[in-house]
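Lettered A, B, C, D and E in written order, each chain numbered from 1.
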C-alpha cells in the first residue's frame, strides 16, 4: 500500500511496541517488505505494560493524532502477565477518555506476535487510515506544542 | 438461479455457516451416520466436496434426502464442522430452486396430527422432491 | 441530631483520654456558624467537651489525618469512623499508611451530611441552620435567592426556609448504603443510610451524551479548575510521598494549568492514579471551591471496573488487591470494551 | 552518530548522507558519519576510533533492528571503554527503508527516528549488571524418566540433586509400560536400573511421596519448601519385605499402579521394583488411622518401621536451579460417551492395555478381556480419542498427542504376536510416524503382522451381548463397517499433569493455553522456562516419547550444569529501581510484579526538625527482576523506574517523534 | 499611588441607568474594551468576558450576577493564573529570545491560548487591549491597592502595570454580603466603594459616580456614541436621597453580619514577636491540608512561580500562581525555608496581618472578602486565626 495522504494531512502516530513480540513483528514486516505509512513511528518498550497512561497523554500533548500500543498476544507475554495488565489499564483508560469526549478511535491496543509481520502492517495501515479520517487531534492537544510546529513548518517551506 | 461449482459451495457455506476448512477427514461423521448405506454420498464427502469447491454432484444426488437429521454427525465431529448443516443447506437450495415448493402427498408420512403445522410445512418443503 | 449523638462521642473521648489510652482525638470541631465545622485534632479533654461537635455538617473524612497524627504520639489516636470513612480507613491500612496499633477506632453511625453549597444556592447568605427531625430549617441573613434576582431583598432578618432532609443532603449520602467495614476497637453505632438514589445515575447520564456533548461538558467543568489541589490533598487515596504533579522529573509537573490540555491532564491522571483505590468517599467534590463534580470521574472508573472485572468496592477489606493490579486470562480486550459497556448500559 | 547504508538495504530508500547531515546540527551531536556496513569489522573500527578521538559519551547507530546488531555495537563500544548501555540504535532498516517506498518520506522518518534515539541517549546513564552467587544444588520436580535422567546427568557432573516425587515411588508413567517402541524392548528392563542408579547415587536425594510447597528466591538462589507427606512408615527402617502388605486386612482397594484393574492393601508397595522400596499406608483406607482399630502391620513388622503418629514434614532447602519434569496424564474420557467407555469393561485405554500385557500386570502378561478373562478374537484400536479436537467444543484437546500412532502400532503388533489368529483393526485419521525407525515399525505392523489399518474414525461403539459393536466407515472404500469386537482400545489424548498449574504459579513460570509449560523460546531455548533458573524436562512441556524425553532431560541437565558451574551470575542491568525518597511503601508495585522481585523494608529518613522517621519503602531484588516495567507504571508517584527505559527517556522519544510531521 | 491620585481629582458627577437597560450599557462598554462582569454559574459567580449575544428584544443572554461576590476574585484580569513571558528557541548554536507578553502583541489573554485562538474579536485595534471591570465590590477594589503596592513598586512589574493602566474599574456597592464577609473589619465601606466609577444599585436603577479621570474619559467616550442618551440618564432631584438611603441600608446590613465584629486591633506592624511563637499555631494548623484553595481565591495573594515549558521546538518561560501553602514554595537549592505545615500556615496569616502592614504603612493584606472562608476544604480560616490569636476580641 502506498503512503496515504488525504487532503495533504498527515497524521502523527506513536506506536509503542513490546520488545519481544510486536517490535519483532514490525521487524518481520520490514523483512517481508510489507509497507505501511511512514507516519507510524515506533517506540520500543520492554513490555506493553511499560506504557504508562502518562505516555499516551504525552504523545497527544506533543501533537500525536493517534496512539497505538502493541504487545504479545494475551497469554504469550514474555513476562508472563505484563500484557494482562496492559489490557486492563488501557481498557479503562480508553473508556475513561471516551467519557471525557476524547475520540476513542485515536487509541488502540493490538496484539501482534513476532510472527505476525503481515498483521503488523495491516494494523498500521488500518489505524493510519482511520486516524486520517478523524483528522487532527483537537480535543487533547496542547496548543503551545502545536503552534510551534506549525510555525516551524511554515518557515521550512 | 443457476447455482453451480464454486458459487454453489460458497452458498452452501453461507447458509450452513459451517467451517468446512476445519475438516480433517476423519470420517467420524460417516461412521456415525444411520443412513450411511442409503446414501450415495456420505456426510464426510459433503464436507470434502464442499471444501474442494466441486459439489454439483451432491445437488444431483438424492443423498441429502436420505439424511434423517439426527444430527449425530455434528455432535460427534471433533472439528465442529457440522455436516448435518451442510446437508440441510443442500435441501434449502433445492427447495429454493423449486420456487413453488409443492409437497408430494405420497411423502406425508409425517402427518400424524401431533407435529405442529409450521414444522410440518417446513419439513415438507425440505424433504419432498 | 445524628444517629450517634455528640454526647456519646464526647463521653468516650474524655474517658479514653482520662484512662491514658489516647492522647489525641480526631473528630469534628465547632466553628463560627452552625454549618462551619472543621476536622479537628483535640489534645485535651477541655476542648473536647467544649468544641467537639457531631451534626449534619460534619462532612470531613478524618481517616487521612491518621497518617500524620499517629506519628505525633506514643499513645493511641482516637478516631471516629462513619461508615464511609471506614472504607478509607481500610484502604489506608492496606497501603501501610499508618500503624493500626496506634489507633483506637470507634465506629459511629451516620445518617448523612449536608451539601452546604446546595443550601447556599437555595438560600443565599445563611445566618443559621438547624435540624428538626427530618426537616432542615435555614435562616437567611436576608431574603434573597436566585429566583428573585432583581435585588429586591426582604429586609426581614432571619427569614426561615424549611427543607426536607433529602433536599439538602450531599449527593454521596443520597446514594450511600454503606456499613462500617473497618475492624474497629469499639462500636458506638454501626447505623448507616439506605440509598435513595442510584449511584451511577449521573455517570450514565453523561455516558448517554454524544462524544461532542461529553467533551463540551467536561471542558466547561475543567475550565473552572484553579488547580488549588484541594481535591488531591483531601483525597484519602492520594498519599504519595511526593505527588507526580509536584515532581519536576515526572514530566507532568505544574502548578497551574496553562491551557485546556493541562486542565484535563491533571484530572485524567489523578482519576487514573486513584482508580481501583478510590473509596468513592466524595471528598474531592465536596471540597472543590469551583464545584467541579470530580466524583463523577472516579465513579466512571468504578462503574467500568464493576462491569468489566466484577463488583469491587475499594476499602471493603484490608487484604484486597485493586483490580488495576490484578488480572484474569479472560478479561475483555480493549477493542471490545466499548461494546461491553454499551450493552451493560442498555440492560 | 553513525548511519549505516547496509549496502542498498537502507541507502536504497533513505538518503543516509542527509540523515547524517541533519544529525550534525542536532544539539549534543559532535560527530556524524555514514558507512557501507557499520556492523562489519571496519565499520566497528570507525565507531571505536570516533569514540576514542572525540571522547564520546554515547553513540547512536542508525542501522538495522536492535534485535539484530545491538549486541554487536555494544560489544564494540565496550571494547574501547564505553559503557555498553550508552549505545542506542535507530532502526532505519526494518522500520523505515524496508517499509517505505518514497525516498523523501523515508529519509525524513529516518531523521525523526535518529532524533528520538539521540533524545533517549541524552538521558541514558551507564548501567552495570548486578551479581549474585549460585547455590550448587539442583531440584528436579517429578521422578519419571525425565526427572530421573536429568538428576542422573546433573549428579554425574558432580552436583547435588534432589528429586521430589508426589507418589510413593519414582518411575512415573514409564514404569507402567510393558514394551517400548520402536524396538519392543522391555520398559522395566531399561527403566529400573536407572531408578536404582538414582537411589544409589550419593549426589541424589529422593523425596518420594512429597510435593513442592513453596518456592521463593531467584536464579542461583531459590529457597524451596518440600512437603514430605506422612507415609506412616519409617523410610529408613522399612526393609521393603512386604510382609505388612500381605497381612493387611483391607485388601479391596483399586491399585493405582494397575489402573484399578486389580487391588492392593491399605499398606502397600506400589510395585515390586519401586524405589524407594518402602511401604506406605493409605490413610484413607487404613482402619488404624481412621478408627484406631487394627494395627496388624505394626505387629507383623519385624523392623518396627510402622509409625502411625507420623506427621507431614516440611523440609527447606536452597537450590541454584529447578527442573520441572511433571510429565503427563491421559485425559478423562467421560465426555466420549459414544465409545461406551464405562459401559463395558472391555473398552480400555492404551495405558490399561499396557498393564494387561505387562508380565507384572494384573493378568501377569496374559492378554485377556477384562470382563470374562477370555482371549479376545477381534481387537479394535481407535486413535486420536480426544486429540485433534476443536477446542471450543470442550470435548478434547486441540493438539496431536504425538505418541499414540506409535504405541498403537506397538499394541497391535503385540496382540498379533500373542494371538496370530486374532483380527486386529486400527482406525486412524492420519498415521504420523516421524522418528528414527518409526515408519518402518508401523509398516511392519501392517505388512508383517497383518494389522488392518482403516482410514476413518469409529462413530459409535455399542455393547452387544458379550461383544462390542463398532460402527465405522472406511473412507477409502466408501463402505460402512460394523465390526463385532471383543476388545476396544482407545488411544486417549494426553494432557499435562493436573498438579502442574499450581506448580507453575509457585515458580512464576508461564503455561500455554493447554497447560503445558512454556519454553523461553520454541526453537532456541526449548528446555528453559522464561523464568531464569527454571528448566523444563519431558512431557510437562508438550507431548513426547521416551527417546525425546531422555534427550531433553539431558539437555536440561546440561543447562543446569552450565548454570551451577558458574561462581557468580550477572543479571540484566535494565531492572526496576526504587527512589526511596519518593516511595510511600503502598505495595502496589509488589502486587503487580510477576517475579516477586519487590520486597518492603523499613528505613530511617530525615524529616524536618533534625529528626528521623522510619518509613516503609520498596526494595527491588535485581537478580530476580526481569525488567518488564509493570511496577513502574503501577507506581503512582513515579518512585519506581525501569533502568534503560526510564519514563523520562520514553517521554523524550515520544517528544522527538511527535516533534515534526515530516 | 494611582488610585489615591485619581481619588483626589475625581469630579462628582452622577448618572443613572434603568436596571433593564444594563445589557445595552454593557454592549456599549464592550466596544470600549474587553468588559468583564460577574456572572452566575454552576460554581457560583465569576467574572466573565461580556459576549454580547443579544436575544429577543435586546434581552441579553448574559446577565450580571445579583450577588457580585465571585468565587474567585477579579485579580486575574491583571495577574492571570498563568502567563507566558518569553520564548527561547535554540537554532544551531544560537538562542533566540522572543518576548510574548500579551500587552505588546495584539492577541487576547495569552495565558489561555485556546481562547486566544478561538477569539476572533472584531474589536478595533485601539481598544482591544483596554479592560473594563464592572461590578467590583468594595473589598476587591481595596485588594487592588494591595496588589498595586506589590507589583507597581520598584522594580515595577511591567506585565501587571500594562494591564492595570488599561483597566477601568466600575465598582459596585455590595448589597448582598455573605455570612463570611467581614470587610468592615478592615475599614472598608461596602456601600461606598472606590474605583474609577463607583456604582450603587437599588431595585430600579444603577447610579454611577465618576471618581477618576480614567472613569471620566470612558464615560465621556460613551456619551459620544449614538443613542446613548436612551440608556444613560442624568440623575433627577430625588435620586441623591434614594442613593443615600440605599447606602444606609447597605451599611446596616453589613453591621449585622455575624463576623462584623472581628477586630484587626491586635494586629499590624510590630506585632511579630507577640504571635510568632504562639502555641496556638499548632492546633490551628493541625488539620490544614496544605492545598492552595485559600491563596488562589484570595484577592490579595500575589505569589507566583516562574517556570519553563519545553514544547519540543522552543522553551516557553511562563509564570503561574504559586501558594505559600505548598511544600515546594520558594524551594531553593538549599531546600525550603519553611519545612513544616505549621510554618507555612503561620507564614500566610502572619503575612496578611503582620508582615505586610509592617512594610506597607499599616495596610493589611486582607480585605475581609470572605472567599477563603467559603473555599477552605477544612473550614480553617483567617477569622479563626484572628479570633484565636487576638484573644477572641470583638464579638
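Everything that follows uses one rule, which is that a contact is a pair of C-beta atoms (placed from the backbone, for glycine too) under 8 Å apart; a residue touches a chain by one contact, two chains touch by 3 or more.
Since the model is a prediction, treat every value here as computed from it, not as a measurement.
With centres taken as mean CA coordinates, the chain nearest to the overall protein centre is A. When the C-beta contacts at A-D and at A-E are tallied, the pair with the greater total is A-D. Taking each chain's centre as the mean of its C-alpha atoms, chain B lies 85 Å from chain E.
Between the Cα centres of chain B and chain C there is a gap of 66 Å. Distance between chain C and chain D, defined via averaged C-alpha coordinates, is recorded as 50 Å.
Per-chain CA centroids place chain A at a distance of 37 Å from chain C. Residues of chain D found to touch two or more other chains are 592, 634, 647, 651, 655, 658-659. With touch defined as above, residues shared between interfaces to two or more other chains in chain A number as follows: 53-54, 58, 62, 75, 81, 85, 89, 142-145, 149, 152. Touching of two or more other chains is recorded for residues 244, 250-251, 258-259, 324-325 of chain C. Contacting chain pairs in the structure are A-C, A-D, A-E, B-D, C-D, C-E, D-E.
Contact residues on chain D toward chain E in their complex (touch as defined above): 25, 27, 608-609, 655-656, 658-659. Interface residues of chain D facing chain B in the complex, by the touch rule stated above, are 338, 384, 388-390, 392-393, 395-396, 429-430, 455-460, 471-473, 475, 478, 480-481.
Chain D contributes residues 581-588, 591-592, 600, 613, 615-616, 634, 636-639, 647-648, 651 to its touches with chain C in the complex. Chain E meets chain C in the complex at residues 19, 40-44, 46, 63, 66-67, 71-72, 81-82, 84, 111-114, 175-179, 201-203, 249, 253, 256-259, 283, 286-287, 289-293, 295-297, 305, 307, 309, 318, 320-323, 326-328, 373-375, 377-380, 383-384.
Chain D meets chain A in the complex at residues 65-68, 91, 93-96, 98-102, 105-106, 108-109, 112-113, 116, 508-510, 512-513, 530-531, 574, 592, 594, 626-630, 632-634, 642, 645, 647, 650-651, 653-655, 657-662.
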